[in-house]
Structure formats: structure tokens, C-alpha cells
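See below for the structure under consideration.
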């Protein structure tokens, strides 16, 4: 794209251009000195950048009131995942009202692109993308998170309770 | 005026026994029938315009005509499973005049050429079963049943089969399945019972009153029978009247008799002189008539059909001012939900759904759109099943909503019945 | 193990021969079992009937559970069946059953402590002219009012 | 032969055929649950509604016989609304079980919901609650809430197996499928009820929760369980085979299949398979590539004079032709046919199950007659006892379940100086053999099986589980001297 | 400027390019700075985006030119395991195949704090907290 230069006397002189530029610089200097909190710069290690509410961080498997996994191993997340990184092995639950639960639920963090498709596909709000950013790991560290890592890791404090629960659903007659 | 044809001698007890029955003209028509040929009897019944008294109102002569002409053994079944709420005419007839039914069945069996007949009585009527079995013993002893009846070369066996409490066994093919020892579920009906019914043999199923009326058609001839009733629906009909009248009971009136006269003359007018609100003319599966429609209604198949209702089994239920129609519909739908045999999906799930909607209205958490939801569910249940139970549940619902809509809306808005009572 | 009495077996044999199809004998023999087994049909009874007649178990069980007059739970000596259909419910039949259950202290279908009564609601009994109609075992009682019901309860021992 | 037009397409059907059979002839789609080509007509699901010209009321297609010149269509507005509402009636008491239901992905309700559903269920009332996870027998689990009461399974147990274990109990919308207390559903064809159940009410215990249906691919082949030769559909994915379902074929197996045939896939999975050639040396067993083991077998065989071959009926006809040909050319025509159960060899249970548990016995006998080899089992035993046979080559069975007497047979074979076992499946009885050469399972190779009636049926080829395993064709090429297996005969297609 | 900051040579492809550069924006004392054209002056490298033929050749050359401890950070799923694009290519080469990777940064894109903690762990000599947990494989029969 070509820029049309205005042919007027002012631009031929050297000094006015410099003074205009310095003017802008000093105006910003005074502004930053007077109102420090409006500055965009974070002094990083102390002031951390907070992520938005919809930040898609490490996965969380929600739990029911009694602490058991909310997931019924229906494999919809594994089907919807573009990177094919979720492997689930289902097993028979002895309580007939629960009937099916995952005995092994693994997400391969190195394959996962954190797109949130699994969160959208889950019919029972069993998997969510939590607020924690992905922790880097050394080569050979096990990047495959299983149930104890996804649902009961220390930072979750014994599992995040889900709002939707079976008793209300069955009482509501669905 | 009350035309006493069938129910002439119901009041006197001797009519129950064989002697009392014969003394009042019993088994006379048997001899005249044996003189005629079976085709003649069918022709006379066709001429007399006798229509089924059980509920469908199908011309009996025509139904007998469907039978295949080959000599294959066939069955005659009497449908005494009177499950239609409000109907009790068959019980009165079987307890007061069992031989009338037996003679009617022998003549009909002779006409259709069947040598084996069953009377399927509903399980609750224990007294009717006892009385009928005693009457059959007497008939066998007197030679009116069994081999070579009255020397005519026609042998005829009759048996009573006791049902076990299922409204669905009132339906033709439902009763046949129940007789075959299966669950009383109606059969699919391109093979109609007249071609393939009980044990895959041609079968004729008629109501108690229809078979009894055959005797009087033989006695008075087709024109004699046509004296009563209108041109299209001939003869007399037993009406079981109940509800808010002074003298509920069974009254025999000619077809075409006006409903208001039936209420005021035969039944002694409304109970405690209250104002009439609605009438269910033909049992629970007949759409309801408002007070104004009752005024111009006459008790015959055509007039009630024009008004959107039906004669059905002739069970007239009179409803007065103090009754709440929503609660009435809830009782009717509970009946159909409990009695649906569960074979076809629209009826099995639809009756349950209708009842739950009306029950949620009565419990006070109904929604305004429930009313046209009821209408659409009933509309889409009707005519989509093997037997007519889904129509019997859908038609009353639609008529209740169409004619008493403001009562439903009041109930939903206020959460209580419009009627104080 | 439930065992039919000799006359019971006799009746079942007669019923088998009476109808063209042996399946038609199921309902009469179930009535007979119900009479001999304190008013209900137990699974052993179905087993026994199946060996007696050769009809497959599931078929007898189907017929047993389809019809309402066969009870699947033990019932009292007197089974009070109150009709709660259109005309009878217009004459307060449902309220009658509620306070009857309260009086006997049982819910519907249960047996009272002294084992005499079971109350249950049934469909139209075909006696709407003298509503509300009540059937006790085999006999009809008409125009029942709460008072008449009390006298009936006290009479039936 | 009455003719009728279905949605504008002219169709001719045989006498007494119903409208739904006319629909099946065209590829017009018609919704149906309770109708099944192999069972009687029930007419209870009311989904197959059609409009017939000149008949105001909608009729069900499965029970209306076709009259000549009848015009039938099911794409009119009225029919669409009727089917939509009937499906809505099916769904109002149906539980929200899709996440935990095995049938999700191939469920009749899901398919018709997508094409006929109304997407806004106006049902706000409470659903009917019934029994979940009912144990019907050793192989089948029932969930009565999902059941839409189409009565297919009840008609199956009444008409096909005539054992009537199943019945519909209670009445109205409280009705439930079930068996009587102490009469579980344990006949030999109980898993067919799982196939014909359109919804997830009946599920098989063997496949329960093992894999979601949309992760499986399938191919058609012939069951190898017995000589009935039923056409089957085998389902697999990268982890191996998961299940086997019957394919309708009128002359051979109708629509059904026995339960033993359904465990046939287990022997083709990797955990049961012999993966590498084994040679017994004095220093123990040495594992090597199957091709190398075969070459060593050839050298070993070349300097023997008295070699014998034992064949079971578990291989394809082409393999027999080539292998018997090359074997007799090099090592004399001592070929014996191993019959595993002489006593129950030709009994038949009236529906499908045959006593002869090898799929290709007739093919083998034809090949042996073609080669003019008449040899009885007795003189093999007599030769073995007298130790005349230096080297015995046994083409072992694949389906070990039907060879209960494998152990003493192997000890019998052990009497030969050298024993070679060609087997797709590994078994601890073969340790005593000098050579164990892995073969391909019937799921991994082409060929024809000839069932007891003499009908030749083509095998379908599925995924290769053990890529280097040989077939008898490759082995005969090696015995004929060539060192390299020609590509076109053996491992075609992608390996796992 | 840039005292005490590690200089990392950054080689990124596709959508990781803006993500990496802009993640430094408005941040004061980050413990690393990026250089885009002089691997010989930087002591580690950060690789991101899907590796095509050219990228493979160039990151190897860049790796040889690095001075100092030659750290390699694998930035983002595409470079670690092919991510969404790599699923369909059958000749997939990831950074782990061609370079000795010291730290994997999973995510698409990894958050800035991940890079910061990875680099600061290395520069300040803290041993990376390896996650100790058993891997539960319960393969059914």
C-alpha cells in the first residue's frame, strides 16, 4: 500500500517533526509518573496476570456429593476430542442406579490442545477445564493424567462437587 | 312410554326358573325357528334392522352374513363382560331372565350353524354365573340343549366361561384371546373374527341383549320389531340410568325416545330437583353432552352421532350442578390408564400421560398450555391402535375440554374446583 | 411347596378336558388355587400348576399378572373391594375407602393386623344404580354409607 | 403376484406379502420396531403407519396384505405427524440412559428420533419407574425401563427356540418383560434376543461396557464354530475383535446364530495367538520369525522318508489343495483327517448347531478324494504306536473350545520322533512339539468354507492381528523350496 | 536492558508465533528475553508450531549454534506431539525425535507462567517437581 505524502512546508523542516514526537513522549512520561496504576505494564513476578473466567486450563473431573466420579464413561468426550487424547475403560458398578462408571480415565496432556470440546460434549457436566495453567514437565515425566490426578489432585481439595446431581434429576422425574 | 319387550317379566322371580319361563311363552320361538331355514332367520334379523347392543351398534344381520358359507365348524360367543362403567343392563338380564338369553343363543346358533357356544361373563358377576349355570343344567335336562334338540337334528352345546376382571376383555378379539387362555389382548384385525376368530375358526360375538332380542324378532317378525324405534335404529333398548336421578335403574324404551323424557318420566326427575349440568349418554367411552344438548337429544344411534356423542352400551349417567367436571375426567382417565392392556404404544403411554396431566391439574400445579396439550395428545392417540380403547379414552377427553373449557381454566388459575361442592 | 388339594387337582383335570385348548383352563385353575391358598397365588403355586398342566411357566405367570382379580400378595379373610368409578365416586366412594383404611389402620392392599380385612379400590362393578357399590369376596353390598360400612365391618368375623 | 406402487415406485411382491415387505423391496425407509423378517407379525409398535389411497384411516404396513394395484405412500404430511407422535409416545417413559446404554449408536430410538423426532418433548410429568439391571441368565442383562415392549424377544423364545422363557407381565404401562423366577433365559440361542432388541433393553454380558459401537468397524465372514457355516459380521478396532453378530442368509442360517459361535472371535485376539515360530533345541525353546522356522522345518523334513500329515477341518479349501499337493509331492501321501468328536459328529439340535465342530470338513474330504488319499485314523494310531513315523506335521485347530481331548491327542502325536504343530492359537499342550509355527486365524485370510450342506461360502478378510503368521499356502511355497513368501498370497492389507 | 535475563532463540511456526512474542508484552521483569535471528548469542532455544520440512532442518542448525547449556523448550502441543494437525499426517516428526528437549510446555498455546516457571526453575537451579504418581492401567481381558 503506498502512502501519499502531503507536500506542505511544515514537513520539509526537520525541527517541527522532532518536537511533535518528543511532545508525545513527555506527555506519556508525565501521565505514567502521575497515575501509576493506569500503567499497562505489570511488574511481573509480583503482579501476576489473572486469566479470564473462561480460561481453559487443566481438566477437572467433577464428583457427586458422595465423592464418587460424576462421569458415567459414555465416551462422548473421547469421540469429540480432535486430538484423540482421552482413553476411558468402563466397568459395571454394583449399585444398579449408577450402573456404569469409569475404572480408568486418562488424558494425555502432551496430545491435548485444550480446546474444550470434551467439556462441550459431556452430557452430565462431568469434565471441566479448570483455571490452573498447564505445569511444564521434564522429559519422561508422566504427562498422562489419570483419575486420581484429574479429580482428586491436592489443589482441588477432594474433588469439585457438581451442581447437577442424580437425586434431583430422578426426583424431578427425568 | 315404556315398551316392555324383553323386560316384561323381569320383576317376577318365577321367570328365572325353567317352568316360570316356559309358562310365559318361553322356548315357543325355538319351535318356530327350527321350522325355518337358517338363511331365513338371518334374512329376518337383517330386515328387522337389529343393531349390536354392546357398544359398536353394528347391524347383526350383516355381521352374521360375513361368515364363510362352507360347513367349517364355527363358534357363537356371547359377550357378557360388561366392563363399560355405568352399564349394568346385562347383569340384570342374566339374573332375572337367564333362559331368555339361552333361547336367544340357541336360535342364533341354529341361524349361523354353530354347534358350540360360550357365554363369557366378567369375573365380578359371581351370582350371574351361578344363575346361568343352573339355568343351563335345567335346559340340558329339558332337552333344549345337547344332541338333537326337540328332534330337529340340530345339536348345540353351551358353556359359561368366567373372566377375571379386565375391561379389555369386553372388546371382541380381546374376549377371544381371553377365552383361548392367553392374556386378554385384542388381536390384529385384517383376519376379522368372522373369518378367523376363536382357535382360528370363524366366530360370531354378540352382546347379551342382541342375542335375547333375536327371540322377539322371531316372535313378532321383522315388521313387528320395527314397530318400536326409528327407521334406522329399530327395536327397543335397555338403558342403565345412574347418577343424580331419583330412581336410577334399568329401563327398556324404544330407540328414538327423547332423553329428557327418560330422565323426567322413567327416572323420576333430577335428585333433589337440582339443575342438570351434563349427561354421559352411552357409558364412559361416549363424549359428554351439555344440558342444552340433552334437551334436544333422542336416544338412538343417528341423533347422538350427529351431536358428536354415541349411544354405546346405553349407560346414561346424569350429572347435576354440584359435580366438578375436572374431577370426573380424572376418574375416567384413571379408569382407562388402569385398564389399557399395554399392547399398542399410543394407548399404553397415551392413557398414562393424559391421566398424569389431569392429575397434575387437580393437584393444583397445572399449566395453561396443558389444556391444548391434552387435546393434541388425545387427537394423536385416536385411531392409531388395534382396538378402540384409545379412542374411548381420547373422545371423552376432547369433549370434556371442548364443552367445559372454562372449568378447566378456572381450576388451573385458582388451583381449586369452580364448583363449591 | 404349595400343593393343590385332591378335589383341586380333580377340578383342574376336568377344566383341561372341558375346553378345546388346554390353555383355556388357566383362569379356572387359578381361581381354584386362589381359593385354597388364602386368597392369593404364590409363585410356588404357579410352578405346581405348570407341572400339573404342562403349560410353560412364563405363560401362566403372564395370565396371572394380567388380570386384576388374582391377588399377588396374601389378602385378609374378607377382601373389601370398593368401586371408585364414575357414578360411585360421585357418591363419595373414594372418601369412604380413605376413612375405612384409616379406621382399620392399614393402607390399600395391606392385611389388617387380625388378618380379617384387606381394602382395595376396583373399577366399575356393574351396580351403578345403587352406588357406591362394595363387593366383599363374592357378595355385593349396595348404597354403602360410612355407617353401613361400620356395621358391616363389625358383623364380619 | 400382486403389484403395488410404494411412494411412486412400482413393486411386485409374492402372494400374501404385506405392505412392509413391499417397502423392504424398494430402498424407501419405513420406521418399524416390532416387525422382524424372521418372526411373526405383532403389529404393536404402530410405527409403520402408511396411507393407502381410498382408505381415510392410516393403516399399519406390517399387517396389511398387498392387493393388486394398491397405491401406498408414507411420505405424506399426515403419516409424518403420526410417526412423530408415535415416537413421542415411545419416548415419554423412556429413561435418559444413553450415556450408560450399550446400544447407543445403533439404537432404533436414536435413529428414528433423528429422522422422525419432534425434538421438544412436551412431557412434563413423572416417568414410570421400573426395574433396572435385571439378570435374565448367564449371558443377557435386561433393563425394563428402556424396553419399548415390542415383544420381539418374547416371540423369538416362543417361535424359534420354542422354550418360551420370556413373557410380558403386568398390564398397561406397568408391563415388563421378564422370566419366571427359577427359569432363566439360558437356551443356546439366547444372545439372538440381544441382536433383535431394537433398543438397549437386552444387552449381552460379554460385550457389556467394553467398547462404544461407533469406535468399531466391521466386516462379513463365515462363523468357524461348527459346520453350519452361518454368515456373521465381526466387529473390531485397533485393539482387536470385540463381538460377532449374525448376517441374514436365507438358505444357511436364516436370521439367527448360536451362542457358542459368538465366542469364536476370542481366539483371533492377540492374547490367545501364537506370535513367533518356536523350535525346540536341546538348550530349550528358541523363538524365531515364522518364516525362518518354516525354512528350518523344510530342511528338517527334507532328510526324512516317513513323514505324515494330520489335518483338521479348520482351514480353507484353497489351503488344503495347495498344501496337500506340495506335501504329497515331497513326502508321500500319508494324510489323515482328525475328527475331534466322532461320537457326536453328526447330531443336530434342530435349529442351527451341528455336531461337527469344524467349518470345512466337507471341503477337506473333497480335497482328499480328489487326491485319492484314503486313510483311516486307526492306521495312523497303529503307525504311531509302532513308531514308524519319523516326522508328524499336525495342522492344529483354531477353536480350542471344541477340542476338549487335545491333551491326549498331542501325547499320542508325541510318539512320532519329530512333531510339528501348525497352529494359530498358543496352548500349553504344544510345548512338547519340536516346531510350533504360527498360522493366520480365519478372520485374517481369504478362502472358502464348505458347510455341511455343501454350500461354498467366501470368507471375508479383516484386520491382520499377527502380520507374520503364515497360511498353509505360504507353508506349501516354502516346502516347495522358495525362501521368500510371495507378497500377493500372504499378508496383504494394513497390519495392526 | 536485559541484565540477568536468559536470551532464548525462538523458532516458532503457524499460530504460536504471535502467541510467544505477545506473551512477553506489558510484562516487566520476565526472566528471559527472546531473540529471533541469533542463535549463537542465545543460550537456549524455544521451538513452537507444527514442524514442517524446513523447520526441521533449521532448528537442528540453530541447536548446533547455541552456546551455553543448550536448553530446548518444546512450546505447545503441535511441536510436542503433532497436535490437531499432526493427527492426520503419517510422516510425523516431533521435536522430541530430533532434539534433546529439556522442558515440555503442554498447552495450545502454553500460558506465559509456564514458560516463566520452566526457565526460572532452570536458571535458579531448582529441580523440577516431577509429579510422582503411579500410572493405573487396568486393561480388561
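The letters A, B, C, D and E name the chains in turn, as written, and every chain counts its residues from 1.
Methods note: a contact is a pair of C-beta atoms (placed from the backbone, for glycine too) under 8 Å apart; a residue touches a chain by one contact, two chains touch by 3 or more.
Bear in mind that the values here come from a model prediction, so they are computed numbers and not experimental data.
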Next item on the list: Give me the fewest steps it takes to get from subunit B to subunit C if each step has to go to a chain it touches.
Entry: 1
Next item on the list: Check every other chain and keep only those touching both subunit B and subunit E; list them.
Entry: none
Item checked: Remaining connected clusters, assuming subunit D were absent and nothing shifted -> A, E | B, C
Next item on the list: Going by C-alpha centroids, which chain is farthest from subunit E? Tell me that one.
Entry: B
Next item on the list: Taking all protein C-alpha atoms shown, work out their mean, then name the chain whose own C-alpha mean is nearest to it.
Entry: D
Margin query: Going by the touch criterion at the top, tell me which pair is linked by more C-beta contacts: C-D or B-D.
Written below: B-D
Check: Centre to centre, by mean C-alpha position, how many angstrom separate subunit C and subunit E?
Finding: 81
Check: Distance-wise, how many Å sit between the C-alpha centres of subunit D and subunit E, to the nearest whole number?
Finding: 51
Check: How big is the gap, in whole Å, between where the Cα atoms of subunit A centre and where those of subunit D centre?
Finding: 47
Check: Quick one: subunit A and subunit B, Cα centre-to-centre, how many Å?
Finding: 71
Notebook entry, point to check: Taking each residue of subunit D in turn, which ones touch at least two of the other chains?
Noted result: 125-126, 168, 170-171, 210
Margin query: Give the residues of subunit E touching no fewer than two other chains, as numbers and ranges.
Written below: 140
Item checked: Numbers and ranges of subunit A residues touching at least 2 other chains -> 91
Checklist line | Inter-chain touch pairs (all) | finding: A-D, A-E, B-C, B-D, C-D
Notebook entry, point to check: What residues on subunit D touch subunit C, complex-wise?
Noted result: 164-171, 178-183
Margin query: Show me the residue ranges of subunit E that touch subunit A in the complex, using the header's touch definition.
Written below: 26-30, 73, 77, 80-81, 83-84, 87, 96, 100-108, 110-118, 128, 130-131, 133, 135-140
Item checked: List of subunit C residues in touch with subunit D within their complex -> 43, 46-47, 56-59, 61-62, 65-66
Margin query: Can you tell me which positions in subunit A touch subunit E when the two form their complex?
Written below: 40-45, 48-49, 51, 57, 82-84, 89, 91, 103-104, 108-115, 133-139, 141-144, 146-149
Next item on the list: Within their complex, state which residues of subunit A touch subunit D.
Entry: 72-76, 78-79, 90-92, 96-97, 99-100, 123-124, 169, 173-174
